[in-house]
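What follows is a set of structures to go through.
Both complexes shown next keep chain A, but they swap its partner, so chain B is in the first and chain C is in the second.
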Partner chain A sequence: MNSASADANHDQGKRSSSRRPSGRLAWRSTLARHGTLIALAALLLVNVLFTPNFLHLQTLFVNISQVATIAIVAIGMTLVIATGGIDLSVGAVMALAGALAPLIFGSELGVAYPLLGLVAAFVLPLAVALACGAFNGVMISVLRVQPIIATLILFISGRGIAQVLTNGNLQTFSNPGFSYLGTGRVLGLPFQGWLALLIAVLAFWVVNRTIHGRHLLAVGGNERAAALSGVPVRRVKIGVYMVCAFLAGIAGLVVVAINSASDAARNGNLMELDAIAAAVVGGALLQGGRAPVFGALLGAVIIQLVKYTLLANGIEDEVALVAKALIIVAAVALQQGRRE
Partner chain B sequence: MGASGAPLLSMRGIGKSFAGSMALDGASLSIGAGQVHGLIGQNGAGKSTLIKILTGVYVRDAGDVEFEGRALRIGSPREAQAAGISTIYQELTLVPLRSVTENVTLGYEPRTRFNTIDWRAAHARTRTILTGFGLDIDVRAPLGEHSTAIQQLVAIARAVSLQARLVIMDEPTSSLDEREVQVLFSVVKRLKAAGTSVLYVSHFLDELFAICDRVTVMRDGSTVADHPIARVSKLSLIADMLGRDIDEIESDGMTELGGGTNDAGELVFEATDLATGPRLSRLDLAVHAGEIVGLGGLLGSGRTEAARAVFGADALTGGSLRFTGQRTPPATPAQAIAAGIGFLTEDRKAEGIVPHMSVRENLTLALLPALTRGGLIRRTEERELVERFITALGIKTSGMDQPIRELSGGNQQKVLLARWLAIHPKLLILDEPTRGVDVGAKFEIQAIIREHVERGVGVLLISSEFEELVEGADHIVVMQDGVSVGRLSNPGITEERLVREIASVA
Partner chain C sequence: MSARTDPPPTGQRSGFDVDLRSALRGNGQTFGVLVALVALICFGLVRYENFGGAYNIASFLNYNAMFILIAIGMCLVIITGGIDLSVGSVAAFSSVCAAYLSPYGLQVALPGGVLAGVAFGAVNAFVILTLRVPPFIATLATLLGAKGGSLIISDAQTISVDWGSNFTKLGMEKAFGVVPWSILLVLLVAIGAWVVLERTSLGRTLLAIGGGEDASVLMGLKVGRAKAFAYLFSGGCAGLAGVFLASGFGAGQPLEGVGWELSAIASVVVGGTLLTGGLGSVTATVFGALLLGLVFNILNFENGRGTISLSAYWQEVIRGSFLFLVILLQMRVARRRLPPATGAPSP
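The block that comes next holds the complex of A and B.
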């Protein structure tokens, strides 16, 4: 064979091999790219086959109302993770906001002016949540405390404050206006489901269409480069922790509204882990630079479905925790594959 | 055994492809025992891939590797080390918080009878090796307290302590100053004298002529030339790397900047007695529209600090800075950008690219405030603008939405240059604009800079390559220890004069 034809052959081999990777590789990359969706489909299938009454409307409602709070917090967490940070205080902020609301509309003034009391019961707890977020943000961006340590402060003290405010008691109440947040229906589906969807759409829009989103991703992707390109790094960081805490505050109110009772000890307990898990399952990278908002929504659905599947089939909570851990491991493994 | 005997390492017909695209195709490399062997090529020529195959990071698809006369079969960097092949990476892979001794002996510590670490022996062994390098430092002190150069030598000491037969150095001088480079060279010579071979990968051709015995040139995944260094010229090496004709390159000159031919316009900025701290204590500098002012000096002489001060990235502690048309000097990068100042940073990876973001998002990062209305990014406009720059600068990318990390170094640098050209700068601060990019991209980048200087942009140029400064700048301000000590003007600057000025005692 002369060298010219050898070259030609060689070129051909090059072209065809670049056109499509080998079968196994393609299968792996498909799994990596659509792993979350495949997992969701598998979960649904298992439930349809094994879980009694899974296809009832009531099941859907229960799951939507549960998943909404995880999703709302997970979206905030995804934004924080996109900057390379983490927020451990979301559960505590939920408890704090949730404890405040009944105190406000249940107060003398709140009873005397019900409408004012109701509005204040939304506005004030969320303002407190924003303040918590600002505290986290300032600690991290101005005082340069590591995010995991900075948010640990409120993780510990926030729930404590909430319990002090309520004397550690369960506060039950009857306030149909406030409870709409947790029990209302719009077009036949739970209100908080719509709320979570709306927040996701809004967050997606901000991340992908506005300068704020671009700045967020730039700070997470390379903070020094972003700063030297004129990105206001501090403002971005403080802002993102405020948004995360605000969303946690909303979730805290939703939980209280669902139960018509506020329990500062349990509201949002372990939510930080669910939210981080949902964000990671949804494709967030812990080193920052990526904010898959709808991924977080999907991640929340998966986390919730796993919980529900195990519960509905009579498996203990402790085992459910292990299952959750396995999901996170699988998600991280898939991410590693993706990076290759 | 000298160069005449059987080679220490022989790689033949090496092929490797990633996801269907060929990275190496018929690459070869042969290194004699006790030889210092240079390996050069443009970015993307396949040097790194070849080295990673040699050190067990990648597995080759085709070809043979023989080391010390036997077929080499390794599957991991650790196995390569055990076989006698050590690598000193561009990014140092040491533990800065642990002592020098621990870094040298990590994983191979001498043991006492009770199987605990014999620190006395470990310190002594480390000290012996380092003394051999002409280095007298406290081996018990944390490594991080020493300079980058010393850390690099410690990395080499580690390789020596592991009885390496071949030490691979990947761009070892990229963060060293002139004196430190000389220390490194003397260590390389000692290694050679002790019979250890060195594979020396560098973009700086002058270094190859200083210490290498042979040089191998790679292009497009193949080995295209292999010469004894004594028989080649710098120009012919460049010609090999580019695959171009020597005469063609010669007529074009070595740089495209055209110093001394530019017509200076009105004053852009003027700095008097500028200071930001111990590393920048007294700088006098002025740049006019349409001229290139170079900052000459050694690493650590305050060149980068000067750039940061002018850009508002460091707070001023003294002196004055006046920009034409601005009442106050910029206090933050954002203000500097708004005032029409661009700053192409020296460290592309750490301070330039945002790796996860696309070419488009990286390119418009600094311009973004001007591209938004009410917080909303005007996307059609953004795409048009990016498209224009990709065409104008010849950026090689599969599309503007490709992540920038997938581009070659030269193309990343073009995107970053475009990031600053997009703001329509009055002043461009370029810190090592062509470092770490291949020769072809270097010419292109210089030509782009030239074009914008002709349109009236003032350029402040920092470069460790004297050639680039001497041929490229209209004026050179020379710095020593944070102080500007002299000013040279083109035409008339020679490398000799610049070196004399830099080395002069103030």
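The block that comes next holds the complex of A and C.
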């Protein structure tokens, strides 16, 4: 037992102290990576064999439109986890952004000037989401509160604010312009699927091709060393939480647009779990230093497929919860690697 | 996420850490929480006539017994630098178990419920220690697993307890007609946890792990055993809380327990326990839990007087703001007591 935990610490120390993984670790990470692909292949196979009507275009549409929100949030979560942090407030931010949008285009001003209302219904909720992210980031980087606790504040109160704003009511609406976000099709595929893909490509480009990405990974790899070598640690951290909240805001708007209704109690509920699971399954290291953006996309697809597989085969939601739990543990345990 | 993976906000662990610890450990934070608690009680006593009434005190303590319990368990886990997110759904699971066992009487249902909690604690300990999954993720998974499990065994229905047996005595009657049974039990658990933490080598080991796990291992402390104890204890506390839940409300409730882990963490934080581990006090945690409960008790009274009218949704907002406030205060206290050169060099 003792040597096991000592071993773990040794490994973690090694991971954070050197950016270049040693051979053994690289082997492990490839295993983890392939594990994800194998899991995906297995899931697809099971579905093709057992799920009725799985190879149907409609199935594809349903899954894409549902996976998009998970993927968008999971990408933001991956970036946060890459700095060694975590963001529990994503679900609450989704609820907040989602609650604001119908309030804005449904307001008197929004009805009088539909176009202005529509633009404001996108801009204002996202601005609020950015503010939430800035709050998280400042708490974490300036006040040095641990990420779990700092984001816990908005996790608790963010949804409460959304419910206070809407009085806890379900807001239904019909606004074709806004609903395009959730029901529109581009090249035959759901719009939000393209949106998620675009965000993933952008995030990938930023992480791998820009100085901001280098800074991000440096902070996650070894914060102290990054600070000493002139990386603006504070700015990077505040920025990454703002990006994460911004993406959560987008996901919140998408969910509202899909349903043509905003329910502050349910929008984004438990999304933080899905997003963390997707990021971890996709290969993100909780210690930070790695930002596999497309891994997160893959992880989101797996999480969604597991949900869909169980649902389509008439297995209750409750079992799906247990299955999700097992997936998370298996993914992380594989990542940590067993004692040799 | 353990203390290992997340460098503590106070920077590297070196000599001054000990100073901070002893400074805070002393009466600093406990005293602060106690002052806030007393101030709030005085405020309530002056402002509301029924506030000091036997009924309010009993129902307040009875309701908060569950939260105090899980906060105590959480405190021990957090001291080791870990976290236990599964407490809420484990409590829900054991409330269902206890409800099923209630026809056999309290003597079966109580241990049964606690054992159910301990079993989940064992799962946590296994996944964290043997599979080496970070506590944050491992207990998150247990949260989902226990939730699913309780929905499965209860068929997503509340399970009514057997009113004929002596089971509901625990949550609804008073020992010797004075103190609710649940409070008595919580007191026992709190004293037990205090003794373990402050007076035994196991407690020293728990604190040492939080202070520096590598060093503890190198010193030959039984790190694995101590950590396993913390998670088993936390699971047991959650199990007992679940028994209280079933007994006090007359039903096993598979859907209850959402967000309990957050109240527990908040209580622990309010009590001044550092989330990075290595520092903490059971007494302060109990005070922290009481303080959080009291805030809502007072809000209810304020609502009752009609001066304000806050919907249930406001509770969440206030809970979050309160946590925010406490963290800010804690930061100030920590900063004042630290020499200025403690933080990592900021860019």
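For this structure, a couple of remarks:
One rule holds for everything that comes next: the second predicted complex is superposed on the first by the 304 of 340 C-alpha atoms of A that agree within 3 Å, B and C clash if a C-alpha of one lies under 4 Å from a C-alpha of the other, contacts with A are read in each partner's own complex, and residues count from 1 in each chain.
Keep this in mind: a residue touches a chain if its C-beta (ideal position, glycine included) is under 8 Å from a C-beta of that chain, and two chains touch if they have at least 3 such contacts.
The model shown is predicted, which means the values in this text are computed figures rather than measured ones.
When the two structures are aligned on the shared chain, A:L143 is found in touch with chain C, with no touch to chain B.
Once chain A of one complex is fitted onto chain A of the other, the partner contacts of A:G289 are limited to chain B, with no touch recorded for chain C. In the overlay built on the shared chain, the residue A:N167 is in contact with chain C alone; chain B does not reach it. In the overlay built on the shared chain, the residue A:L228 is in contact with chain B and with chain C.
In the superposition on chain A, contact of A:K324 is made with chain C only, not with chain B.
By the document's definition of touching, of the two partners only chain B reaches A:L217; chain C does not.
Once the two complexes are laid over each other on the shared chain, residue contacts for A:I153 go to chain C alone; chain B is not touched.
More chain A residues lie in contact with C than with the other chain of the pair chain B and chain C.
Overlap of the chain B and chain C contact sets on chain A: residues 224, 227-228, 230-232. Residue ranges of chain A in contact with chain C, taken from their complex: 1-2, 4-6, 8-9, 12, 84, 86, 139, 143-150, 152-161, 163-164, 167-168, 223-224, 227-228, 230-235, 273, 276, 280, 286-288, 316-322, 324-326, 328-329, 332-333, 336-339. Interface residues of chain B, counted against chain A in their complex, comprise 17, 19-22, 25, 311, 313, 332-334, 336-338, 343, 345, 350-357, 361, 365-366, 368-369, 371-372, 375-377, 379, 419. Within the complex formed with chain B, the residues of chain A that make contact are 10, 14, 17-21, 25, 209-212, 214-215, 217-218, 220-222, 224-232, 285, 289-290.
Chain C meets chain A in the complex at residues 1, 4-10, 12, 83, 127, 129-134, 136-138, 140-145, 147-149, 151-152, 156, 213-214, 217-218, 222-225, 227, 259, 262, 265-266, 269, 275-276, 311-321, 323-324, 327-328, 331, 343-347.
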